[in-house]
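For reference, the structure is listed below as structure tokens.
Chains: A, B, C and D, in written order; residue numbering restarts at 1 for each.
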Amino acid sequence: MADKSKGLSKASEIYQNRSHRVKELKAEGKKIIGYPCMYVPLEIITALDLAPYRTYGDIREPVTEADRALPTAFCPIMRTCLDCALKAKDDFLDGMVAIHSCDPQDKTTRIWESYVRYPYFHLIDMPGTLRTESLEYFKGQLNDFKKTLESFAGKELSSDKLKAAIELHNRQRALVRELYKLTKPDSPLISGTEMLQVIKALMSLPAAEGNELLGQVISEVKERTGGPEKKPARLLIWSSTVDDIDIMQLFEAGANVVMDESCGGIRAYRADVKLTDDPLDGLTHYYLEEITCARTFREAVFGEAKKDYMADLDSRFGYLKGFTREWNVNGVILFLVRYCDPFAFEMTDLKEYFNHLGVPSTYIEYDYTQGSLAPLRTRVEAFLETID
Amino acid sequence: MAWFMGIDIGSVYSKGVIINDDELSAYYVTLSGANYRAAAEKIKLELLTQANLTQDDITDVIATGSGASSVYFASQKASDIVCTARGISSIFPSARTIIDVAGQSTKAMRIDGQGLVANFAVTEKCAAGSGRFIEVIANVLRIDLKDFGPLSLQSKNPITFSTGCAVFGESEAVTRVAEGIPKEDIAAGVNKALADKISSLARKIVLEEPCALCGCGALNIGLINSIEHELNIKLLLPPQPQIIAALGAAITARTSSLKR
Amino acid sequence: MYFAGVDIGSTMTKIVLTDTNNKVVSAIKGPTGPEHRQLANEVMKMALEQANLELDEISYVIATGYGRLNVPFADRHITELTCHARGVSSLFPNVRTAIDIGGQDAKCMKINSGKMVDFVMNDKCAAGTGRFLEILAATLGIKLEDLGDISLKSTKKVQISNFCTIFAQQEVVSQLSAGGKVEDIIAGLHDALASRVAGLARRLKIEPDVVLTGGVAKNAGIVKAMKENLGCELLVPEDPLLTGALGAAILAKEHSAKATAKGEPIPTKPRRLEKATFFSKETA
Amino acid sequence: MATEQKKRTINRLNSMHPLRAKVNESYLKSVEAMQAGKPTVWGMLNYYYGDPILKAMDVEVVYPENYGAALAAAGVAQSYLDRADADGFPTHLCGYSRASIGYTSRMMKELNGEIPPEAPLGGMPRPIFLMSSTAVCDARYKWFQALGRYMDAPVWTFEAPLPGVKELFMEGSYERMVDLGVKHARDFVAFVERMLGKKMDWDKLSETVDLMIEISQVWHETNELRKVKPCPMHSRDFWSSMPPALFLMGDLKDSLQCYQDMYAEVKDRVDNHIGAIAEEKYRLFFAELPPWHSLGFFDRLAERGWNFVMESFGYHPPIPLDLSGVSDPLERLTRFSLQIYVGYYKDAFEKNVPAGGMAYPYLKYAREWKCDGGFLHPLISCRSASTHLPYVSNILMESLKVPSLTIEGDIVDLRLFDPEDALSKAEPFEETMEHYRQIRRQEGFDW
């Protein structure tokens, strides 16, 4: 393992210049596959010796190009993603794989595909419910994805190779969970801002390199003195995406962010993929059932004549109870990206659920622009003033 | 000698012109205020005095703009887009694209050799894409509208404006001011933000050169530069960019009377 | 011992000096310009003169509002929400809901025994703020402070689409040219603003007593419209502009008291009234 | 719903009136049914999947989507929107969803399940369960899930798969969609049986499905007749006649008769060269739902010679398939329902329009219905309906040289659509349409 003191600074370097590594790999002849959403099964990309690269938006980038293709009252993340693509900011991608995890992504990536003709493009369809037939259908969709990627990579994907990739990514999930254990102490050993840099770095690197980075970060964090200073509040952030440290620093000005339940945080690492005889079964189950994005329709007692509201909330948000207890959270920020329907419809229920758990929460909306951060500051400060 | 009057009642400014068979004999620009009818009346009198004519000398009057219906003495209404097209092509026959940055909205249009509209797009109902944005921010910065452009040119590093609502942009500007950001950087940021919106509008209709700029936005040198830079073109700038639609209305009046 | 609360809002800057009994010894209001730091120094100077005190007689200073970071001599800054809540509950001990309509934003605070427990805020859309009336008063060519009385003359208010300030402006103009009565239009505008703010307030489940603050609260027409839209009585402080600064001053006393109670030194900053340089770059 | 104009320049179909009458009836019927103790279900427009099943089980279905429109049209939406606000739902959510959430909040929290007295059209009675759908947008199932908080009624979310265009043509892909649909529908039948405590009458289901398919067949052929010049049927008649087929309202045998009468009337106009407007100068298609509150503005456009000959594919019957060989009614139902989207995929795939799912239908309409322009009406608080329109406008211009005019509106904030503003764009857009007629001729298009 490399120099232990380098982990965090390396992560922040990668955060600053995300595409640096994949461009190197491309120069070495490796093919780079972009993906805009954590629902894309990276294991299949990794197993075929391709490098997965998460495409993000950029709150600093005024949307100009995408205005031609998308309305303004629309998921701002997808708008900037398309905008960056149209501005050829990720022209190093050899291919792109998107998934119908939400409507804005589905519609945007279809437009994306027709404007930016990548050598490879695949759209995975995804059911909204957790029924048996939905899982079957989803497995078929994953298998189709595997097939097209195989022919793009020009090789067959053996079940063993896929299993190996699953283990590799499970290792990554385990390491991230281990890293998150280090936010349990009061004060935490690693800040939310550092964590975000690490997570974003992971989504910019091949899995093996990501695991190596995690190893370095974990031992560095465990050994270092002078981690983040103790703040009056320990926050859980619940959001679709938090992908900019300016936002995280704004939260951490008066608090410690100890848990980030977004796809800039633990969401992609909370659970493991089960190793099944047919590895696709494990992947199907994990990606449809285990990932806790609001886009999935979950119901308490499915199809029963009666439905208990609280049981329903538990089945949708139960995992958050664990977070608040184990990480001893005393404040929750429900951080909504404007026009995100799946998350927006959740707000009322979720606020009720946290009341029920006895944890103060606030709902803050932002429009994914740098300009919207200033009003954000006042809200965050005011919220912290109510709980201190 | 026959004279024709064109009157353009916009939501912020009202403009009027008198032309004769071959030249512009009078023009006038004033604030529309609350009473469009009064504005129209005022313009008419002002124009007649300037041109030293009486109402009877005027063969025909055509009104345009959002308040066209308040011009009680006009023989007919015409679309401001069509009038702008006619107006520009009378000044720049070669022009193929027009960007009109008006008080409440911005329009981009393509025209053919005869000044007929070939395609057009109008900003969404949002002041952030119109001259209104600049007025709002000028007010925040407590500077005179006419100084806005020149001031913005002094900027070393313009701020990035999140192209939101003009009023949201206003509070953003207030915050930036509070952070101690120099006025010129904010002004330049606004021009950049507006230029971005305008440029994507122009791209939407597939901009074809030469391209003319008119409307109150054409009085803002900072905005002009930002648009030219963003689209990487040189803009044709008419004298009196605000009266173009009124001019077009007068020309329409002349053409239709020639047809008769 | 004296305490200061400085509230630099988007349109108005206010300062309140209090003594150990939370008695106001001086209060100054003035329009906020772009030069916050300079302004902070000016209002403090004026306040000190009014109370004829020296700066070093002020034990603790809390800054709040938009420009709170730009008060060079502040010992601490606290958001306007907490300060308003504190100020309001000092004036009305039974307050449960406080609504503040500022120049640039509108906020609603849930208060429980003097402490803010929840809040909502609109600073995205002018249609729900004092700016709405400012812009439209200008459109109508009427002084802002006259709006209230004129609107009370209205017999049937016109419906104003509250979609956006800019559109409301166009609507007003067309209403006027359509011969609408000014008082009816203004009444309509007040109703539009009130319904926006009421919608915001409803998110917090309004409980009495309800207090309305902010410059707009001086507008009798708005108070009427707010009562109608909320369907409840409203309390309005004598000077609704000052509650934020007052709250800040009171919190200043509480913070220094807390410190002395713990036997700690009061965590003040070394302060002097600087001749602020125009647009000085450094911020708190 | 429309505020009718005295001056009529659009030559409306007589056969449309009985169809239109059915719409209002069905709300009232549901209320009566409920009062008579008949179970009622709240449904989401789900492109046929669930409706015939409920129909065959003799359940009343009301559609909060339509009811949202009704609330808006009756001008009473605001108080319900405020209520949704007060319950903490973000204001940028779909206007219909916020209206129905507010309605439900009032009904359940204040009137313990009674229909609000002020509710227009008899209101929506309390349901025994809710049937949502993953089709078209996320709001449509998250919305019903959110309604769950008010009513302890279960929510069934119907799966509506929507693969990528080229992805659909991978081996076995389509059949797997059918497999999903059939199994899912079978489970749904079991669910409904459990909820109602009675068994499905499969013959009745089979008959219902066939009627549904037959109706949409006739409806489809009627629209095909609109390709002729002058176009015999205006969009206004299409919209008036849309709900009974789209929502299987009322008795299907009547509906079939109504649509057959409509076909006959339209056919008769074709034979006698009668157009829907006096003088057809321009042929346009209209994208998305119209501004219900100011439909009169189509008469003003008709005066200028604008004929509206086609509408959004989402509200059109699926392109017919031969399903006679399919014995299982649930499979007929599934294949039919999938057609709404994938019916256009094959052409889109061949024409290499990756976003074909949404955009291709408009290309087809513009080409086959010989449109001079598209009138795009993005609905601010209905994003799913608006997302693809800028792209549609681009691709129409790029591949067919057909211009489009975009005028914003909304589904609930009716003030947003300003007819005067729209009409002020008519003159320049006519010049634009003329311009591109020449261009199309130069480039060898046949219209």
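As a convention for this text, a contact is a pair of C-beta atoms (placed from the backbone, for glycine too) under 8 Å apart; a residue touches a chain by one contact, two chains touch by 3 or more.
This structure is a prediction, so every number in the text was calculated from the model and none was measured.
Student: What's the overlap between the neighbours of subunit C and those of subunit D?
Tutor: A, B
Student: In contact with subunit A and with subunit C at once: which chains are those? Just list them.
Tutor: Joint contacts, listed by label: B, D.
Student: Could you work out which chain's C-alpha centre is the most distant one from the centre of subunit D?
Tutor: Farthest from subunit D by mean C-alpha position: C.
Student: In angstrom, rounded to a whole number, how far apart do the mean CA points of subunit A and subunit D lie?
Tutor: Their C-alpha centroids are separated by 35 Å.
Student: Find the geometric centre of each of subunit B and subunit D from their Cα atoms only, then give the gap between the two centres in Å, rounded to an integer.
Tutor: From the centre of subunit B to the centre of subunit D is 40 Å.
Student: Cα centroid separation between subunit A and subunit B, in whole Å?
Tutor: Centres of subunit A and subunit B (C-alpha means) sit 46 Å apart.
Student: Find every residue in subunit B that makes contact with two or more other chains and list them.
Tutor: Expected reply: 66, 124-125, 164, 168, 171, 175, 204.
Student: Which residue numbers or ranges of subunit A touch two or more of the other chains?
Tutor: Counting only residues that touch two or more other chains, subunit A contributes 67-68, 71, 375.
Student: Quick check: what residues of subunit C touch more than one other chain, meaning two or more?
Tutor: Within subunit C, the residues that touch at least two other chains are 123-124.
Student: What is the shape of the graph in which nodes denote protein chains and edges denote touching chain pairs (line, ring, star, complete, other)?
Tutor: Contact pattern: complete, every chain touching every other.
Student: Which residues of subunit D touch subunit B in their complex?
Tutor: It comes out as residues 390, 394, 397, 403, 406, 408, 416, 424-429, 431-432, 434-436.
Student: Tell me, which parts of subunit C touch subunit A in their complex?
Tutor: Per the stated touch rule, the residues are 78-82, 115-119, 121, 123-124.
Student: Using the touch definition from the top, list the residues of subunit D that touch subunit C in their complex.
Tutor: 82, 85-86, 88, 413, 415-416
Student: Can you name the residues of subunit A that touch subunit D in the complex?
Tutor: Subunit A residues touching subunit D: 67-71, 73-74, 100, 102-104, 106-108, 110-111, 113-114, 121-125, 127-129, 131-134, 136-137, 140-141, 144, 147-148, 294-295, 297, 299, 301-309, 312, 336, 338-339, 341-342, 344-349, 351-352, 363, 365.
Student: Spell out the residues on subunit A that touch subunit B in their complex, using ranges where they run on.
Tutor: 60, 62-65, 67-68, 71-72, 367, 369-372, 374-375
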